[in-house]
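Structures for review follow.
Here chain A shows up in two complexes: once beside chain B, once beside chain C.
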Partner chain A sequence: MNVLFSKSEKSYFRESLINDDSNQCLRLDGRGFKQMRTVEYSPSFLNNCNGSTRMVSQDGSEVIVSCKVQLLEVDTKLDEASLLNELIQVDLSIPSIDNGSKLLTQMEDVLKENIVQHLKGTDKLKVTQKYSFQLFIDILAINCNTYPLGLISLATHKTLKNTLFPVLMSQDDDLMVEQVPVFHDHDMKLIEIPCSITFVVAIVGDNVLLVDPSEEELQIADNCLLLNYIEGKKVVGPVRTIQFNEEYSRSFNPKIISEALELINYVGEEVYTVL
Partner chain B sequence: MSAANKILNVITHSKDIGNIDFNIQLSNEAKEIYNFESSDDDFDMTSDSDDEETENKKLVNQMIAPGDLVIRSNEYMKGHNTYTTEDLKPIAFSGEETQKDDELNIYSSTLGVISKINKLISIENVNKNLYMAEIGDHIIGQIVEVTSSKKWKLNINGNNLATLQLSSINLPGGLLRRKNEQDELNMKQLLKVGDLINCEVQGVYANRNDVHLHTRSLNYGKLRNGALIKVKMGLIQRKKTHTHFFNNNSIKIILGCNCFIWVSHEMTDRVNNNDKGPQTIKSDITRIEQDTSFEIYSDINDPNIDIKKRILISKYIIIIKILAFNNLVISEQRISALYDMLLSYKTGEGMETVGSESLYVFNDPEVMQELGSQLIQSEKMRG
Partner chain C sequence: MSRFEFYNSQGLRIDGRRNFELKNFESSLTTTSNFNNFSRNSQSSTTYLQMGQNKILVNIDGPKEPTNSNKSKIDQDKAVLDININVTKFSKVNRQVSTNNNNSPDKQTQEWEFEIKRLFEKIIIMDSYPKSIINIAVTVLQQDGGILASIINCVSIALMNNSIQIYDIVTACSVGVVDQMHYLLDLNHLEEQFLTSGTIAVVGGSPTQNVEDANVCLLSFNDIFPLDLLDGFMMAGIKGCCTLKDIMVTQVKAMNINKLIEIQ
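On to the complex of A and B.
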């Protein structure tokens, strides 16, 4: 991140993208507007976690996500929202960004929201009446050459898909009995934790929407939208905007949001089938 | 079909990647060159050792890490990239340990190889990822700072920032004009932070730490109408010429010695001027005065670059990326050879459109690797 571009370079990138005829526009790397960068990934590569993913994007950005499962005795007084907040712990660290910076906290928040939102009203993490699974999701962006949220959310989604949970052996109703849950020694099962994927969409000009923008595209974009997609429900809220440059940032036509939603409905479906 | 029209292309690695032994196996050759084993022990040389030849053998060409003791002796002088404990001591304490004055510890401050000239010990840095400037190199730099003392500081991919002085550039309005205070005030208008400069190394001082640049030629100056690619060090060799023209002189590629590569569109009328060659030399000075208007420092790109030229520029960028991906030295011949291969690759896959959509095929790692190996094979065939 924070690559310095010269003014003429930036205007060259922007001129390539702004044209009345959309066939006359070109992304620098020759991608289509809907096309995302190629992703290489290796699932479950860490042995001491319940689930892990290493994902490398085309531009060299590399992300490691691991998920650990712990048993937590639930405080029954808590309401559902704060309980879920406690059960899902997301820790994101990016060496090039300071801890506690605005950018980092926002990303953490988006990732947590992606999971918590869809767990509401489900008992997926519940083990017994008293105990619940607690998820520790640790994310490390080893190398990030651009805004890494898109890649991280793909990796997080992939990790939760292959996270294995221990199988309960004892009774699940322990409200009256004083007992600690006992788990099977070897057997693990898969619990599908729903997690939406966040897509970064850059808005350039009046009618150009770029999925998965590269660093130079972020630098010349008017604005960026963060959209969440989950299978079945299509695009879910909230819609966020984020800016990465001072030079070109400006407001956009609200109509473009509905265009972006349609675009992500299409892109998201494709991405789900590929993953 | 390949990745051309796919939204997301995913390459999955097998699950047993965790079992791969991550220890890097060095070849014997590399071990011999760097001599890792022997660098582990410190060189406890006492000043009474008389045999200087064995001393030299022990010292020279040893790999050493930052903070390691090079030698304990009062006979030697510290050279570049070394320090002594004297340097670290605060002045207030320096008087206390006078009894140790006869023994001086020299430490290394960088990862490198020890070199010894008579009694001067210095460490040569072995970090090959950074650019080592040499006089006359044609490089591309990016301005990161405009200082108050008539200087610009440029990032040239080296360990220090390079300096471009106000007196080393062509000022608007003619070469022979004197620089005045007004120019000093206008420095930020001429070259801003972020601007990319095509320049030449004028001088290298202070053990390659202080690099001075100049742009006193019409071939040099601010870069426009294109994009920059950064590649790994070592992929560009020093040649007679670093500016190459491709595709009927419509594309200009500058292969900077510091592994910054500029790919841009070239206006045709300029190219014609260059083609005339020797005839224009006489009128050169007048031409310099005409051409060095404020225009050479403007940020506005040529408005006539159409989509075809942009696709062409993107294509050459991808070509350079493919070469860099395969760790091939980037040269004019290879770029044009690969360009021809890209054209034939397309027809081979049955895709006729030269549209922007199909260009991304070449960003696929597998395709990149395939093209690279094809290129090497065709080079072997030719010999």
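On to the complex of A and C.
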């Protein structure tokens, strides 16, 4: 990440955010504190894939998510958690960050957890007793100007909402009879895979919370929270923290977490109604 | 003899086109253009090209001062071109898993990178950007035959959109030969798989399709090619490229008028 502000500029920016009592102050790009960046998206634009989304944010960050479905013969000895781990494959690539970097692995982990967590106890991916659908979620972040996890998770959520699965034509009980599942040639059906949305919240000072922070805001934030929201259940775990700068990073007041939870409950609901 | 009839007696191809008919060509300047007023780095906009089922994104960064990592490449007199092609895993019908774990591009992609770099080093007026670097990042989202031609076209459009000085527009298209007599323009993946084919890139050639002005700047064949067919092949390719140039020029003009309206 490149240097954007000088030291004095950073300090001025930070002070003006903290000392604003009325919370009426606007952010650097003219948003309110609770406002997300504008996004425009085009769904299902790749016809080679089962589901795809292209999402562009106001700052020019662009994310492309594709979801491909494959059939997998399930090893019946596996328990549910490790099976789901195998069924959901998330692959994230960002050209400016080299593969295998810790930041990428962390983001992949968050995204995978978002899906796997809500699939436990359901058999939505199950095709027959022996076979299961395997989801390959490939994410490509082009031109990203800030920590892109918020945008990526929105796009992933949107992709899983419009992913189409093939319709099974043969019988679904194949424990006794050895048979390979046969699918309909054209017909596809929608299976709603639940997926929570991750929101990035930057904490500045004791009581300023910024939703969907930009790069400049990340540079002056004390700390950042990653919160997951899913429809119906409101904010769900796990809550994580992440730091992006060395100058201002410090611990924060635990009370602010509950404030952040309320904030995301409010923002998340709004986002869901829009999506 | 393959089991497909690539060119039937009525003069139609598998996908219903005539032999000299190009694929649907649609380019758009996207993303940041709408938000230009807010964007910090407004010079980086993405160009999206849809040529039939080929979908390509090109993002040009620069010309700019080289960052620390590539400062050694700097040239005092002219710009340095850096091309990066990323063929995504989901671009084909079946998902490809790369065999090497550090995700370096495969041989084919590296070859394309080299060819395109050599080509555009002569097209861009490098002398006007001394001590700077131009990064071109190509992302192939979906491929359906003739991908090298599509990449060249898209980079060409992106250069115009980013107002980088070029001598002329480069256009490229792929040509295949059926039954040693019919030439097919702009192949799809089935045709590319079974036919003798090649890619031709042309610079120059006036919009009124004056074929004599056109200069071939890239020619690549995928397999053995009968020499006596070369003449017809070149003519078909050059005609295709000239037509493409017309389309590209009109589309770029339309795009930039839209952009102007948006800004105002």
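Simple rule for what comes next: the second predicted complex is superposed on the first by the 266 of 275 C-alpha atoms of A that agree within 3 Å, B and C clash if a C-alpha of one lies under 4 Å from a C-alpha of the other, contacts with A are read in each partner's own complex, and residues count from 1 in each chain.
The rule is simple: a residue touches a chain if its C-beta (ideal position, glycine included) is under 8 Å from a C-beta of that chain, and two chains touch if they have at least 3 such contacts.
Since this is a predicted model, take the numbers as computed values, not measurements.
Following the overlay on chain A, a clash is recorded for the pair chain B and chain C. For chain A, the partner touching the most residues, choosing from chain B and chain C, is B.
By the touch criterion defined above, A:E270 reaches chain B but does not reach chain C.
Once the two complexes are overlaid on the shared chain, A:K7 sits against chain B while remaining clear of chain C. Looking at the shared chain after the overlay, A:S93 reaches chain C, while chain B stays out of its contact range. With both structures placed on the common chain, the touch criterion links A:L46 to chain B and to chain C. Look at A:F136: by the touch rule set out above, it reaches chain C but stays clear of chain B.
After overlaying the two complexes on the shared chain, residue contacts for A:S66 are found with chain C alone; chain B is out of touch. Once chain A of one complex is fitted onto chain A of the other, the partner contacts of A:S16 are limited to chain B, with no touch recorded for chain C. When both complexes are overlaid on chain A, the residue A:T38 reaches chain B and chain C alike.
In the superposition on chain A, contact of A:D29 is made with both chain B and chain C.
When both structures are laid over each other on chain A, chain B collides with chain C only at 22-30; the other stretches in 22-30, 94-102 or 184-192 stay clear. In the three-chain superposition model, chain A touches both chain B and chain C at residues 4, 29-30, 38, 40, 45-47, 58.
Every residue of chain A that touches chain B in the complex is listed here, in rising order: 4-9, 11-13, 15-16, 19, 23-32, 34-47, 54, 58, 211, 216, 267, 270-271, 274-275. Those residues of chain C that touch chain A in the complex are listed here as 30-32, 34-35, 38-41, 44-46, 53, 55, 57, 59, 67, 84, 86, 88-93, 95, 102-103, 137, 139, 141-142.
Of all the residues in chain B, the ones that touch chain A in their complex are 3, 5-15, 17-18, 142, 144, 155, 192-196, 222-228, 299-301, 305-307, 310-311, 314-315, 317-318, 355-360, 362-365.
Touching chain C in their complex are the following residues of chain A: 2, 4, 29-30, 38, 40, 45-49, 52, 56, 58-60, 62, 64, 66, 68, 70, 91, 93, 95, 99-100, 136, 138, 140, 142-143, 145.
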